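Labels A, B, C and D are assigned to the chains in the order they are written; within every chain, residues are numbered from 1.
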């Protein structure tokens, strides 16, 4: 890709000023988390003086491929995108590589063995998130022998976060036979469905000890259902969720949720940093993990005030 | 009795009729022509407003990126021409890619997987066609059930996205026909174009094609005229299923993966493309060429949005809506004026 | 014997349409199937050609027992059919409608130019010269009917030709062309089954006839041996004398001098040249002309179904502009279309709903007609027009063609219009009911209603009208006051000679 | 007995009964209804409550379909109405004041009426094919909803607003009462006035209707306005249920479910005859199906298959040809004869 590199350089020079153009293809606007992610990227691009070409794929891989291809024709300097799915990127990324445009993955990884197709990946590890949730549960019930009945609210069937958070969690708890997932259904990552499914769980399951929801929103919906059933969320039923959006953190601080695994959408600043480095030809690590943590109610109270999203 | 020995025949050959003839022949083409003209206008607006929009590759990319949609929309055109609808196409794409990817991953040779993949949609289409014809179930519902079924099956097979690393597939995916430096089309485009041409020819030149129009015009009459209504109808859904499967194969070339969530909402895109191309949803009127234009319109709208580049998610939707609106209303007004 | 049907039985939910009917058809004969509206003629045809399943009985074609599962099979077995109502595809060209299913092909593809050429010849045989590549629905119903006939008579291996009311909207000259074709086929030994409510036509062409009444066989007769009056009484089960009186009655009706509408240079390019026309209260105005002469188009303009692009229209002496049929209705104008299947009935609604539809539309949706009133009105007209079966809750779709026509008429009569425009109101209606309708028109006119009467049957126009507007070439060429010296010949001469009389 | 079998709604009801019965076998306490915090509580009550938005949307859809149209934009309209309501309530100085909340609700529905007019205008005045005309609003409308909420989930804390979707009146869910009122209103509107007849006539044959003097244009516009208004109310219920507006999820794919409900209820998509009771039943079946899948514990992967199978069974059961072919021609023929003799 030497000649291609020159090409990109000249396109840049032709623009007059040395502003970097970044083509970014977002998954969509399917959740509050996602829009916070978008916002973070847009804001930090502006403040970093990077010219951002933003494209929304509305949850479809084909749209994302189209967008990337269009970025290539427009000869942007760097392409970044959050892949809708893990596989199926080799063709279009090869085109980018041939055109000498570096690619950065954000938020979600791809499973292509050819790592030369992208410069780096920045984002979180969903399996790890599931594991963290499981770890907390194991610790919480450490020493007790009674069976623990768990219900799970999965994300959209097939979506990577749903698959990974489910499997990471399952991996951890399977070590102990007292943990039993008695029901697991999709809440489509939305509050309403979370509430609806939980309502039914509450009636069809004689005993529920723990709720594990793949995101805050479903957890928040479920809380409403639990309250309507006359139970106390967080006490009668322990709740674990993932994301740590503001509403979730509020509920956590009120003790309605017991534990949240953070999955930070605020990748913007880190991403812009990488974009600049990549554009300057600096070497960067293959994988940059976002700084993510977990929250208990106490920790939530501390950080709640300056939670932006 | 009336005196019929002096039949006043001369006034029958009216010059007026001759004039009317030329005029009538055109009215059927007006929707397609209007679409074409507006498409050109839209393209020119794009070229005028955005740097690099005028590149040949931009247009070719619309084809490259929508080849599978084009194939699916062609099948949909047939179905809609008979007055039906096929909602299962998006899900069939998902099922095809999932099955293909799973089998390839399991080490099956491409030579076996490919025909199998193509068979999936064809068989499903045949089944839906039979249900629609023999049991008089509404196409909307029969194909909606087909949609649930196909998507459900692919979800059951594997909920994760499966990469395809098979050599044949990779070759097909990366096959490029280059015309010039940086000007190329993919294999998918070639396949899609072949499908379009064949479909258009069949529609215009064969009995099967004409029967489709007849059924769309009036199915009861077609039956009384002694046309093979049932056979044609079943064939049409089978064909649409085949196209969806072929679309699925192209999709798997395009993305090198199989995934149960592929092609979500694609049925609506296909229907929209067909209808924008001037095909009447009630059946009996329209052309495959119109459908091609319809796909181009959708593709071009998306390209414009990408070139605009500063729209956030919601403005993207709103602008797509506005462009669609402007296009359809203009098309409607032009067509109406001409008539 | 080409065809023998024995003991045919067909039951629809709630009706026994055919009960033990026998029917035979000999090669080289023209056989008329006679019966009142709803007698079961069309059903017998549909049973024969496999549109409906049989509930009992047997069919033998050329000595072999057959049971078709659909028209396609029947066609392949050599039965060619024109069903009642035009059953063609409006979205296809005329040529395609004639040839679809058996298009001429070359190199495996349809040979379009050959097809057009053959369509042209095939229509020419019926003395029709139209543009065969134009879409079917750009032509009037009568032309469509001719196209359907052309389709059926152009089949090579036909053994049996079935024509179910093929002449219902044809003019005398077209009927004559059809008969010529029928005679030719007869000479070629084709057996022809012919259904018509025009007794004159039947007596002119048929060799034998079979009479049905209420789904039962009454008998099989030689035409020459059964006088008209006897045939009628066999069909309706009682004697009929009503026909004669109307003629006297209508002609001598007094003419009133209040103008209801007055068209001044009203016209629409491409459909009818500007014309002047005045209609007074209590007057029956007939429109006469040939196929496609513009009668229907004139009527539609007066009703606002199409918009005029020149001239003006006064209603009650004040200028009126109709943007839609609704506007005309508010002025007391009613219009019953000739095309009952696509512009008249609403098949999936019941008889009652179809009848009250126009009245209800006029009242607006907020003021429903009370159910009791509906039943009264509907009952009255079901009786007056002898709609059968006399069940107002039956779907109109399931009624026989003639009865559907009566329903349409009833729809407009209950709105009590001041000007009733009826386009081919007696199309497909049996002799008894036709007389009834004619009497009704005459009566209404006596009561002060103006009637614009359009019919392809010139005698009928002559019998009823006070004055006759003659159209030719989509131009109103002359107005004739219907005095004793006006007769069919005189009108035909007017049309043929092309004298431009009262028109601009 | 045959009469019962022939009734239009027999098969939908039968499927509903089977679904409920399967709960009796496969899940616990499905039929228990208790009094919890002064309101009824139980799975059956959930079905009533959860059906409400779909019933509302299906009602509007029924009217639209009866004219031969279709409305794809209902989901987006739902999203907009919820979003606007939540936005306005968020700006209220006192979100717990019933009057202000009522005003907000009025405003949201008024906006939906405008959208309905828009759809009606495109279809009836410009003569654009309904599916494409409403597709415009389907695409753009969701964008508008996201614009209103800025892509975030808007939370509201308003007791009166909460009542709409999650509250109870005399121990009965308010959302159910709203849906019931809407059904009553629609029935009254279509069957007590002549609207139903005129709709069926327009759907049955637009040309014939025009010539019969029906103002098809006006009626068509009205129908889209109704659909949008009902969708708007559904959107309020949806958002009030969780006291927040999620403009991305609200009403997602509801148009498909609503159309499914309408068709399951025996209304043909080609227009004409419609059955409100059928559509309501269809909506309840779909909700019951969803709830049953969860309560019986159908795995996520197979839920869609489960749904597909039920839909297929119901469709086939409703098809007279299928019954005739499967249960033998003999039975139907005998029944027909008997009926004919009786008549």
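Some observations on this one:
Here is the rule we use: a residue touches a chain if its C-beta (ideal position, glycine included) is under 8 Å from a C-beta of that chain, and two chains touch if they have at least 3 such contacts.
Just so it is clear, the structure is predicted and the values come from calculations on it, not from any experiment.
Think of each touching pair as a link: the shortest run of links from chain A to chain D has 1 of them.
Of all chains, the one whose Cα centroid sits at the greatest distance from that of chain A is C. Among the pairs C-D and B-D, the greater number of C-beta contacts is found at B-D. Chain centres here are Cα means. That of chain A falls 71 Å from that of chain C.
Averaging Cα coordinates per chain places chain C and chain D 44 Å apart.
Centre-to-centre separation between chain B and chain D, using Cα means, comes to 30 Å. Spacing of chain B relative to chain C, judged by their CA centroids, is 42 angstrom. For chain B, the set of residues touching two or more other chains reads 155, 159, 312-314, 316-317.
Of all residues in chain D, those touching 2 or more other chains are 146, 151, 300-301, 303, listed in ascending order. Annotation for chain C: no residues touch two or more other chains.
A list of each chain pair in contact follows: A-B, A-D, B-C, B-D, C-D. Taken in their complex, chain D has these residues touching chain C: 192-195, 197-198, 200-201, 204-205, 207-215, 219, 272-273, 333, 336-337, 339-340, 343.
On the side of chain A, the complex with chain D involves touching residues 29-32, 34-36, 38-39, 154, 157, 183-186, 188-193, 195-197, 199-201, 203-206, 217, 220-221, 224, 228-230, 247, 309. Those residues of chain B that touch chain D in the shared complex are 87, 131, 134-138, 140-142, 144-149, 151-153, 155-156, 159, 268, 271-272, 275-276, 280-281, 312-322, 324-325, 328-329, 332-333, 336.
The touching residues of chain D, when paired with chain A in their complex, are 27-30, 32, 36-37, 41-43, 46, 50, 146, 150-153, 155, 166, 238, 241-244, 246, 248-250, 290-291, 293-297, 299-301, 303. The touching residues of chain A, counted against chain B in their complex, run 23, 26, 28-29, 35, 38, 42, 52-56, 58-63, 65-67, 69-71, 73-75, 85-91, 94, 111-113, 156-160, 163.
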